[in-house]
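Labels A, B, C and D are assigned to the chains in the order they are written; within every chain, residues are numbered from 1.
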Amino acid sequence: MTAPTQDGLLSRRRLTLVAIEFVVALAIAIVLFPFLWIFLASIKPPELVTEPNVWMFPPTAANWHDVLLESDVPKNIINSFVVSVATVIIALVTGCPAAYSFSRFKTGSGTRFSVLAAEMMPPAILILPLFLVLFRLGLIDTLAAVVLAHLTFVVPVVTWFLIGFFDEIPRELEEQAMIDGYTQFQAFYKVILPVVRPGLAAAAVFGFVLSWNDMFYALILTGGESRTLPVAIAGFWTFRGIDMGKMAVAILVAVVPILIISFFIQKHLVRSLGGGAVKF
Amino acid sequence: MRTQKWLATALFAGAASAMVSGSSLAGSLNIIIEEVPDYDVVRVLTEKFAAENPGIEVTFDAMPFDAMRDKILTSALASSATYNVIIVDNPWMEEFAKAGFLTPLDDFIAADSGYDFEDFVGPLRDIGVVEGSTYGVPYYNYALGLIVRQDIFDEQGIAVPTTLDDYVDVVKKLTNDDFYGAAMQPQKGYKVMEEWKNWLYATGGELFNADGDITINSPEAVKALEMYIDAFNTSAPEGSVNWGFDEALRAVASGRAATMLSYNWMLPALNAKGGMSGDLAGKFTLNEVPGGKAVLGSWSWSIPANVDDKDEAWKYISWITSKAVAKDRVIAGGAPVRTSIISDPEVWEKGFGEDYYKTLLGILEDAAPLSSGTSAEELIDIVGTELSAAVSGQKSVQQALDDAAKGVERAR
Amino acid sequence: MSGVQLKNLRKSFGLTEVLKGINLTVESREFTVLLGPSGCGKSTTLRMLAGLEPVSEGEIWIGDRNVTDLEPRDRNIAMVFQNYALYPNMTIAQNMGFGLKAKKMPRAEISARVNEAAAMLNIADLLARRPKELSGGQQQRVAIGRAIVREPNLFLFDEPLSNLDTKLRVEMRTELLRLHRSLDATTIYVTHDQEEAMTMANRIVVMNGGQIEQIGTPSEIYFKPNSRMVAGFIGSPAMNFVDGRVGVDGLETSIGPVAHPTKLASGDAVILGFRPDDLYFPDELTAYQAAMSVDFTAEFVELLGARGIVTLRAAGAEFKGVFEERFLHRFAEGATVALALSRDRLHLFSATSGERVGG
Amino acid sequence: MHLRFRLILPLAAAMTVIMAYPLVFSAWISFHDYRLTRLQDVRFRGVENYAFILSDAPFGRALVNTMTFVAGAVSIELVLGLGLALLLQRLVRFQNFARAVLLAPMFITPIAVGLMFRFLLNSELGVIPYYLATIGVEIAWFDERLALFSLMLIDAWQWTPFMLLMFLAGLEALPKDPFEAARVDGASAWITFWNLTLPLLRPVILVALIIRALDAFKVFEYVWAITRGGPGDATETILFHIYKTGFRFFRLGEAAAMAYVLIGILMFLVIVLYTAMRRR
C-alpha cells in the first residue's frame, strides 16, 4: 500500500534533482562557452577568426607561439603577479592589525562601514592626484606605482573582510593567552593570527584577484617594462584592428592560473567567508 | 611663469618634490611609440642606427594608442623628459606645441643639408607646423581611402564611384539580404568622426570657415550627415551602429561588405595571401574617397622641449626620416610620407604595385587633418558623440549638429 | 599561595556603573565562589581580577602585591573560561604548555609538567590531538590542565561547568574539589548555579546589582541569609514570602498572626520568609516551636523521588512545600491541610530595605 | 599610545598617503581651472566647475546611465546569484565542480571579458547573434536601445559569481534548526524560502548588494572596450566620462568636480543602505 506512494515521492524528488542539474548545467555552459570560443579563436587560422560558424579547421599554434615566446606577455604576467602579491602583502600587513583593533576595541559602529566605504572612492578621483604624486616621485611606469594605486581599493576590502573574521574569534582566546603570560600584541600574532589563517587566505585571494584584474590604474600608471597583463591584453587592440588570435591567447594565459587557483580554493573561500566576512 | 606651476606642486608631499624623475642619461634615447605594424618596421631598422652610432643606446616604449597621450604629457611635465623622442598624433600637435611641450625643429631642419623637408607630402608636412614653426616631421600617414571589392564591381560592371551621390547609389545597389554595400564605422567619437568627415568634405563643408567660425551645423554638414545616415540605414550591416574600425574591416575581409572607408595601408593587409581575408586576398583595391578630398591622419616625430640633448634626438629623427631609410621603411611595409618614395619605381616593384602608390599620392595631396586647434582631441569626441546620436536616431540631424556646434564653442 | 584582597573596587562602562564598590578578602587556599544572577557583576569582578578589564576605581591585591594596574601576564594567575578557550590550531600538549613557553621554560620541563597534569586529569592519551577532536568534557579537562601546569598564585574559574550536561557537571564538580584539595590553591569561582556554589565553596560571595549582598559559608548563606534577595536566590524551590506588619504582639500577615518577637517598631512593614522544607505537620512541633499554623489548600504535587514539591494556596497566595514521599498522599487536590511554621526557621526582612531584621 | 591605536597606525598611515592626500588635493583641483596643458596658468574658479557640470547634459546623462546600469546589473546579479546558490546547495553530484566553474568569471580581468563579448555579441561576426539568427532571433546588442542592457548582461556574466560566492557562504553559515523546524511544520519550499531563507540571509544580501553596487559604479572596462560610451550618449558611464575629461581632454578641474559629485551620490547611497542594514 505504501510502496506506490513512496515511489511517487522518490520520482518527484528525482525529477526535481534532474531539473536542478539541468539548470546548473545550463549555467555552466553559459560560463564555459566564451572560454571555449576564445580557445578556438586562439588556434584558428587568421582568415577564419571572423567566421562565427566554423568549428572544424586545421588548428594553428602560431598565436600561442607568438604570444608565449615572442611577445612581452610572459613578462606582463610576471609584472601582474609581482604587483598583486606585493599589494596583497602590504594590504595584509597594514589591514590585519587595524582590522583586529576595529574588531576587538569596538571602534565606533560606523568604522567598519567607513572602511568599506573607502573602497567605493571612484578611481577617477584618486588617480589624478596619485598620478601627479607618483610622477613627482619618479614612480610613473614602475610597478611600485601600480601597487600604491591598487592599495587604494585592496586595503579597504581586505581590512573589511578581516574585521569579520576577527569578530568570529572568541575573545577568550586571546584573554587566555594574556593570562598565559603574553602581551596583547603577542596574543594577537601568536594565537589569533594562526587561528584566523583561513580568513587571511580568503582575504588575500580576494585582494589578489582585485589587483590582478585592474586595468584602469595600470593603464595610466604603467608603460613599457612595467606593463601589467590587463594593459597588455588591451594592447592587442590597436589602431590596426584587434589581433583576435593573439588576444585570445593572452586572455587564456591570464585566466588559466587564476582558474586553477580558484578551483582549489573555492571551497575554503566559501567556508571562511561564511565564517564571518559576510556579516556586519 | 613657472611659479604658478610650483605653487600647484607645493601641495605635494615635501619629500616628493625633492625627487626629480625620469631624467634620461646622456647617450641614450628613449622613444615612445604606438604599437602598430609600422613600429615593427622601425624597430628593425633602428638596429642599423644603433650599429652606426655605438654611443647612443636606443630603447622603445611601445604601447597602445589609448595609453600614449598621458604618457607623453607626464614626460612633458617633468623637469627632465622621460622620452627624448616622441611621436605626436595630428590632433595633439597644436595643443602640445602651444602648451610649450615641443621643440621647434626649424633650425635643425635648416642645418640638415640633405634632408629635403619639402619632399614630405604637403598636407602631412603642414600638420607639424604651428604658427609658422615646425614642431614635427611626418612619421607615417593614416589618410583614408575607399577600399572596394574590385571583383564585385567588375562583375556587375559598376565603376568605382567618385562622387558622394554616386557612392550612396552604388552601395544601395550592392546591398542585398546577406551582403552589404558599405561596412561603416559609426562608433561614437573618433571613429564616426573619422569617417563622416570625408562625407563632409564631399558636400563642401568644413568644421570651421576661413575666419575660424564654427560651421559644424552648416547646410553642407546637414546634407553630409543626412546622406551618411541614409547610406547607413540602407547599406550597412544591421546592428552595426556601434561598429568601429575593427568590425568594419572584418566585415569586408570576410566578404560581407563591398566597400569601406578606411586607412589606405589596410589594402596590403587585406590583399596579403594567408592573411585575414583568406581566399578574397588580391581582390581589393584602394581608391580616392568619393568627392576626392580625404581625411588625413598622421603621426609626427617630435622632440619634447624638456630634452637635455636635442642634437642626439634630432640625429635619430633625421636618420629614420631620411630619404634612404624612409625607402627601406616603406619597402618593408611602412606607410609612406615622402613624395619621392611614393613615386619611386623601385618601391612600386618591391612594395604593393604602382596603382596603389599613385592612388595613395593622390589621396595624400588632397587631404586635410581630422581636426586641429588646441582642443582637437575634445572636439573629435564632442562632434563624434553627436554624430553617433544622430546615426542611432537619438537626435535629429539638425539638433545633433547644433549641439555639436555648441559643445565645440565651449571647448575652444 | 596567596590571598586576594579587593578594596572598594568600582567599574563603569560609560555612564553605567556595574560594580559599586566591592570589598572582599579571600584567604589563601580558600575556595571562594562568586554567586549571583546574571548581570550582577560577578564576571566583571573576576575579569578585573585577571586583569582583562581595567579597574575604574579601587585596588586589587594578590598576596602582598598591588596588581591593580598590572597586565594579566604579570599577575601569575590561571583562568578557566566558560567556553574553555582552547587554541584550536594547537595540540592539547601545546595548549597546555603554551603558558610555560611564555615563561621561557625549557622544553623538557614543560613536557614533564604537562604530562604530570595530564595524568592527574586522565587526559594523557589525548595530548597529540587537537581541541576539536575532543568532547566537551575532555576539553574542560584540558582547560583545567592548562591552568594547573602554570602553578599559579590564584585560580580563576568563570562558570567553567555551565557548558556541560548535568551528569558531567556533577562529576567535574567532585573532581574539581578533589583537585582543589590536592593543589591547595586559592580559587575564585564564578557561577550562577547555587548548587555548585553550595557544594564547592568554602565561602560564598553573593552578589547583586554590582554589590556584595552577603559573604559567608554555604550554611550561613542558606540558614542566615542577610537579605531578602539572598534568601530568595538561594534554595530550590525558592523561599516562600509573606507580606506582614509588626503588631503589638508579634506579626500580622496575610496568612494570619505570627508569634514572633522582633526588635522593630510596631507598624513597620516586614516580609516574612520560610523555606519550603520548613513546613511541618502540627504534630511534629512543640507548642513553643510552632510560630503559627495555617490552613493551606493543596493544588498539586510534583514527585521528585524520595520527596515531592507541593503547591499550596492560602489567603489567595501561592506557596511551595517540600515533603517526604510518605506524606504526599495527604495533599490530594483540593484537600485542606493545616501546616505549622517553626519559630527557629523563620526569616524576617524589612519591607523597605530588604535587610534581615530577625528570625 | 594604547595598543588599539598602535594597531591602526599602519593602516592610518597608508590611507593618509594613498587616499586622504589625493582626496584633499582633488578637492583643491575641483575649485580651479586646472588643465594639464596649462599648468602655468591655473586659475581659481570657485564653484564654477560644479555649476557647469551640474548643468551639463552629458554629465547628467552619464550619471543616469550609470545608475541605471548599477540598478539593472546588480538586480540581475542578485536574482541569478541567489537562485544559483539555492540550486547549488541542493545539487547532489558534481557540486564542487559546478561551484568552481560558476565562480570562475569573477577571476577574469574585466578588459578581457569586455573584448571577448564585443566579438561574441557582434551582430555580423559574433557567434551568439549567428546562432540566434538561425532560430529567427535578430538582436542588435549594441544599438542605442540595447547597448546599456547588453553591458548589464556582460556585467552579470562576470559578477553574478560574486553574488553566488557571498550567498553560498551565507547559506553555509545559516543555522540548521529553523529549517528542520520548517520541514517538520510541513512548510513548502516556497514558504520556507520567503519566510526563513530570505530574512535570515538579509544581512548577507545587503552586504553583497553594497559591495557590488559600489563596484558597479566603477564600470569602465566594458565601456572602454566595447562602446566608448556610444551610440550617442547611450552608454556613457560616469567613470568613463571622468576619465575622458581628465585624461583625454586634460581638464582636471572639471574631472575632479565630477568625481566629487559622484562621491556625494555614493555617500548618500551608502548611508541609505547602512541605515537599512542597521534597522534589521
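Here, a contact is a pair of C-beta atoms (placed from the backbone, for glycine too) under 8 Å apart; a residue touches a chain by one contact, two chains touch by 3 or more.
All of these numbers come straight from a predicted model, not from anything done at the bench.
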Joint neighbours of subunit C and subunit A, given as chain labels: none
Reference subunit A; chain at largest CA-centroid distance: C
Pair of chains joined by more contacts [C-beta pairs], B-D or A-D: A-D
Distance between the centres, which are taken as Cα means, of subunit D and subunit A, whole angstrom: 15
Interchain centroid distance [CA atoms averaged], subunit A/subunit B, Å: 38
Between subunit D and subunit C, distance of the C-alpha-averaged centres to the nearest whole Å: 57
Numbers and ranges of subunit D residues touching at least 2 other chains: 17, 21, 25, 125, 129, 224, 247
Touching two or more other chains - residue numbers and ranges from subunit B: 13, 66, 70, 77, 250-251, 254
Every chain pair in contact, whichever chains are involved: A-B, A-C, A-D, B-D
Interface residues, subunit A side, partner subunit D - complex: 16-17, 20-21, 23-24, 27-28, 30-32, 34, 37-38, 50, 52-53, 90, 93-95, 97-98, 100-102, 104-105, 107, 109-110, 113, 116-130, 132-133, 148-149, 151-152, 155, 159, 184-185, 188, 209, 212-216, 220, 229-230, 233-234, 236-237, 242, 244, 247, 250-251, 254-255, 258-259, 261-263, 266-267, 269-275, 277-280
In the complex with subunit D, residue positions of subunit B that touch it: 1-2, 4-5, 7-8, 11, 13, 66, 69-70, 73, 77, 95-96, 98-101, 186-189, 191, 237-242, 244, 247, 250-251, 254, 256, 374-375, 377-378, 381, 385-386, 388-395, 411
Touch list for subunit A against partner subunit B, complex: 46-51, 131-133, 135-141, 219-220, 223-224, 227, 231, 234-235, 237-242
Subunit A-touching residues of subunit D, taken from the complex the two chains share: 3-8, 10-15, 17-19, 21-23, 25-26, 29, 84, 87-88, 90-94, 96, 98-112, 115-117, 119-120, 125-127, 129-131, 157, 165-166, 168-173, 203-204, 206-208, 210-211, 214-215, 217-218, 220-221, 224-225, 238-239, 242-243, 246-247, 252, 255-256, 258-260, 262-263, 266-267, 270, 274, 277-278
Subunit D residues touching subunit B - in the complex, by the definition given at the top: 17, 21, 25, 28, 34, 36-42, 58, 122-125, 129, 138-144, 147, 224, 226-234, 236, 244, 247-250
